[in-house]
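Note that the chains are named A, B, C, D, E and F in the order they appear, and that numbering of residues resets to 1 at the start of each chain.
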């Protein structure tokens, strides 16, 4: 046979019509089914891995050129650092006790968790992919798929902490995301933990249902970002003396659009991949639902900004598309196409008003709208399951017989489970981040010094301009509007409001 | 089993050597085959979806920096708007009456079309993916695959209408592409319509054969672009007073090259995906044929520009590669590798002369060469099927027994079918676009005002610079060559030819 | 059935419990298994094809803006030119005598090679994918997979010859890579040649083992780059009069990071794809091992540069990630996760010191660190197989019974085979390139003239600026440090060291 | 010798430089600038936050001429740059004390 | 008529231009520049090779004013640009021989 | 006080600034420019359409010096910028009326 590959010997010769023959055929058929699922799981996992390129383009395009190097370094460092944290402890915490994974040929080893049956709190197998026999084909493929989901939560926070967090604090945040913040809540939802068992333990619908991670990935990332953004405070010059926000236009709108389109492509792995296998033919519907929500979210945001501000805002329209994607992530397998379109539309509405809310009222400086896109619309995605699930899918979900139904299809209790999930997710992600980084903040500064922030973080923190060969233009086109014109001759009333 | 996935229960236990046992094995084998085809259909569909990133980079790189935001917004808006139009009516028009799709487990529901048997004109099932039981796994996967093909036609027009169309008119064009222009012709070719039935109805070869869409997607896009480009007229300053064209160099050649390479990657979904399943082992040959045509198209264009203008022209060489890809799209499954190389080479020749023709003779201003790459070479792709199909594939194509053979393999009638297809495709795409937009033109301006075009469309139409932090250089390096030098002292002869 | 696809007729009806019935089920099961393998082989092949976008971004970002067009044109020309050379002769030389490929349904035709049984030197079937019945489904898919591996070796050299090689010489280098340099060594390792047969012929372990190409692809590319870089000599101004290197910062760090992340995505096709099929369930472990090595390589390089130079160096950290990827490519299927982490870490160490070695001591100007990343770490990857292979995989590899074991698992002889492979790979790739281009150098200049190099190669060689609309800043920020300050009044001591 | 500095609209740079070629001036140096005159810019909205776009792109030309040619060149530039819309720009002149052509070492008017 | 040229820190451009608006100056022209004063730059390391970063980004403002207003405008710019840190910049003035507003053809002080 | 303005080839900027450091000048301001002298540019072809590339990238240096040092500095710049090929550039000087250092408020020669 060919050097370099020892594929199982194909049954060339005739198989006798005996039990032995039939067993051989059955095992080959099962092997093929596991292979198909493995191909689907890995390929969709690779698409989710590729989303990091989309996030890198998106958030770097939405921030200023003088910080582009810092943004890009944060994106690639997040991948490496969070990966190692998840490999070491995160995966074990999240899936240590999940038991056999049907589609992947029953990976037995992940079978010990802290907390009894229906109230699992923390997995305890699979540290460093060694303990508890985790060095097994099925577990590895499963790890690959789950680590790229965790990475996505890690990328989300970058948009909200941009242009002022120092690199050291950022690395701590990523380590915590990979080791603690994501896996613990992830265990409760997907690792057989108490949130997913709410249906079995307390008869609340099918327990918390989150097909591909509106809550587990996006809301977690969004609320962590919220906590960090509050602790960091706004960028210098973001709020004028009278409290109104000043615009800091992103330095590269082509990065923003291309980043959004790459995320749409990656999302085709995110949602359809969450069936853990192609043997579940629902993947077609999931893919179409995902794109429908994206398009309706985009169209709403484009039209809304067009009518409200006179011109369609390119970056807000992209946020609308992402909001639709985030919102459809939890309900995508359980709802019909028309419902996906509606969920995406509402996500578009939410993201537009939420960006205005955080910018003008809450005065939380979120350069890329990460909190609104992922936090708010992630929560809406969870709610949407409890509303629009039409019972055409999800038989026996979380161990509860019958398909998943939402409020409009006669099951109020599912909505309750979703609301509990939303609340717990917020309290956990926002709470633990706020506590930890309040402590960190007292111990060491979490922001770069003022002069570094004004000059641009690339050279002070990494010793290199991102675009050394291009001439950059000074301050944002916005000109010091704070001054009332007075005729020449009077002493100038130049304000020196900025430190 | 694992929360979140209800994969069919794998036949762990022994299957008895009985008819019941064998039926279970047969159904599992069939299920596996449908899964494999679904994986292939969706994965290749996702690759085609990803081509929008390639188009966005390509056309934005080939146009000026002051319009980069407008180009990018057109690319993402095209995706969302055309998607919704196709979801609402386009898919139903195109595939309403296509009937069962073999490889996808026989999707029965799409079974009603206007016009009898062999002369179907318009599908009538599947509006909003609801009517006629379209809410079905197979139909959804099929919709996903077909919508991204339609999107490609939508992206193609952007290259030819760049830097002067206003956003409102553009959105109308995309809506029409998704709802009418593409689906109707698409129905005639792929929806069981009269063009594909020419073989059965009038004995003309296998009827019009277009494996992956040289005609349906690319020529349609190209001719629609031609109509729009003519109605829009050239950009300000494109033609000097003496009628010779002025060069408007693209603002980012790295975008152009990266965009082309991303399109090559996406094309690996475009052609090999059109078997609707991996059970058809021809996909290997299709992939190799596609790359061969791309490489030979590139090498010709590079060498031709090198010899004719003294230096290899980067953007024309990229157009050569794309021309090869467009041309091989129709014949890729029916021809041998050497023929693919030749088809690609000839496409390279065609694109070089066609760009010169439209630029210098027809004086149609096509900033990115979309009309030449997609229109002209799309038509050539159709012709190539009628010439080079070697009878090694396509048994029973369009209901006609025997494999598909071209002129060089003894079947003149196939060529006739292809020529009819070319003509009908041109008349439909060019005609309907020209008529509709001539009306639109009378009702509202389809171009941005002159001062907006000179200043750059980004701020007037979207309120944001694409590159606010970069200092852009004024007018193109080309300096006002219209002036004859006269010695100092005489009154200057400055021309004020530009409004 | 649907126009355009003639998938094999699915066994809808009942299969009788007879030998004929069982044969039909067996053939369908085998067909499915070949389909799954074909899907995996092509999809992973497409991911490797996509790596050209990653390389294009990476090397263009690491070089100066005035040469960006030249870098991008080299990347796309490399793809087309090397592809044609490999299609014509390269594939035949490498795999002419490889025989049946198990996973792809036994492609018989590639069955004639020069040199007897265990000492094959050169394949002799499959020229222009025609000779010896190469026009066959399995061979085509196999060609697709192998050509994109060869292309990767072709891209690697661009990083080391950047900013000074002229385009003509570059095309010759790519033609040779596709036709000779890569295929010959590739035949010895993967085409059933003498290196892979060392185990069978001389009992040295399993012969040279290189699962996905640390040696065949990366070391070959790296050593070819070394030979070319030496013959080309350093860029003007790279070394000050006192011999210390001057920094030429890359013009776009966002390209560098995005390029690296795209390569990580592409590598998911490179390593896991080398099983030639998903029927080999090891693909999950291979994917995880690959990412582990990447992350540990990155983290080491980031920490090392942070401690040694005071600030984490973005481009060196990216090189660390790539070094980890290159090193894990050979051992990825044979080692445990912890070993992959270690191999990646050591690769990070090697790349940091190797870049310093070539920059300061060997004084070989390698703008992107290609020699260190691909040559040195490619060799380390080969060695790693001989050290860390834990015997959990590779039964009967290269025709030698038993699994592949390294030194730490009791097999010293495997290490010997790997060392031989390293040496032969270096001698072949470096040697043949050095000889050929020493001759070429005497015949025609291989560098662009000095004034072209100073002005930027884009306009002189391709007649177009890469970024015509952006104002570029003059010389690198590094200012003429060679001058000792002397007070005003004394005659200036301006050096005119630069021609 | 006089240095003429002209601030003009970028899309008029082609015509102005053409006019200067017609007058066979010694050379031209162009720098990219941004500016506004009496008429202040306008307000744009980015993600809900308003910002003033006052400084619009301008081309800044420098041409060194002999004293005798100043008026001809200034008028030629003005004529070519005029679009009768706000922001057409301004032209001013400054007297040079010395001028040196690096390549040949010529000084004064010969160096123009 | 005088041409005031000010080299200031980029992040102070907002305030300086605001101050100039407050004085209702005829117009402003801003060019991007790089520079350093007495205090030379610092050394950075890129892939192991050291390089001097001397020239840091600066904004270069040009404002044409009547002789009478020179001192007021210069002081206003200095006050707005001051951050009491190295590299705050310099302001110099040059006498103009002539000034022409292209759109209207006005000359001299009226053209400011 | 005099303002020296030098238009030089970009790849000579390193040497010229090095030479100025050697003379310990008060500071340097560099702006990117494009220009051409007597020798007009050349023609390139882009997708079949010809276009003139006249304006080639140049570095535009500004150095303020005391009257006494003008000639030394000008000669040093010329010597470092010379490559004996077309487009080496030009250096001119203008008298300044006033100079102010923003940080310290020093005026005149002390502010250099």
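Keep in mind that, in the parts below, a residue touches a chain if its C-beta (ideal position, glycine included) is under 8 Å from a C-beta of that chain, and two chains touch if they have at least 3 such contacts.
Because the structure is predicted, anything quoted here is derived from the model rather than measured.
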{"item": "Interface composition of copies subunit B and subunit C: same or different, split at half", "value": "different"}
{"item": "Chain pair, A-E or B-F, that carries the greater number of C-beta contacts", "value": "A-E"}
{"item": "Subunit B and subunit E, separation of their C-alpha mean positions in angstrom", "value": "52"}
{"item": "Intercentroid distance (Cα basis), subunit C paired with subunit A, Å", "value": "32"}
{"item": "Residue numbers of subunit A (touch at least two other chains)", "value": "17, 25, 29, 32, 34, 36, 39, 43, 105, 249, 309-311, 313, 315, 463-464, 467, 470-473, 476-479, 481"}
{"item": "Residues within subunit E bordering two or more other chains", "value": "17, 21, 30-32, 34, 44-46, 53-55, 82, 85, 94-95"}
{"item": "All pairs of touching chains, each written as two labels joined by a dash", "value": "A-B, A-C, A-D, A-E, B-C, B-D, B-F, C-E, C-F, D-E, D-F, E-F"}
{"item": "Subunit F residues touching subunit D - in the complex, by the definition given at the top", "value": "2, 7-8, 31-38, 40, 54-55, 58, 60, 70, 74, 77-78, 81-82, 84-86, 88-95"}
{"item": "Subunit A residues touching subunit E - in the complex, by the definition given at the top", "value": "237, 451, 454-455, 459, 463-464, 471-476, 478-489, 492-498"}
{"item": "Interfacial residue positions of subunit B with respect to subunit A in the complex", "value": "1-12, 14-17, 21, 25, 28-29, 31-32, 34-36, 38-39, 42-43, 45-46, 49-50, 52-53, 56-57, 60, 68-69, 72-73, 75-77, 79-81, 83-84, 87, 105, 128-130, 135, 137-144, 147, 167, 255, 458, 461-471"}
{"item": "Residue ranges of subunit D touching subunit B (in the complex, touch as defined)", "value": "10-11, 13-19, 21-25, 30, 32, 44-46, 53, 56-57, 59, 69, 72, 75-76, 79-80, 82, 85"}
{"item": "Interface residues, subunit D side, partner subunit A - complex", "value": "32, 34, 41, 44-55"}
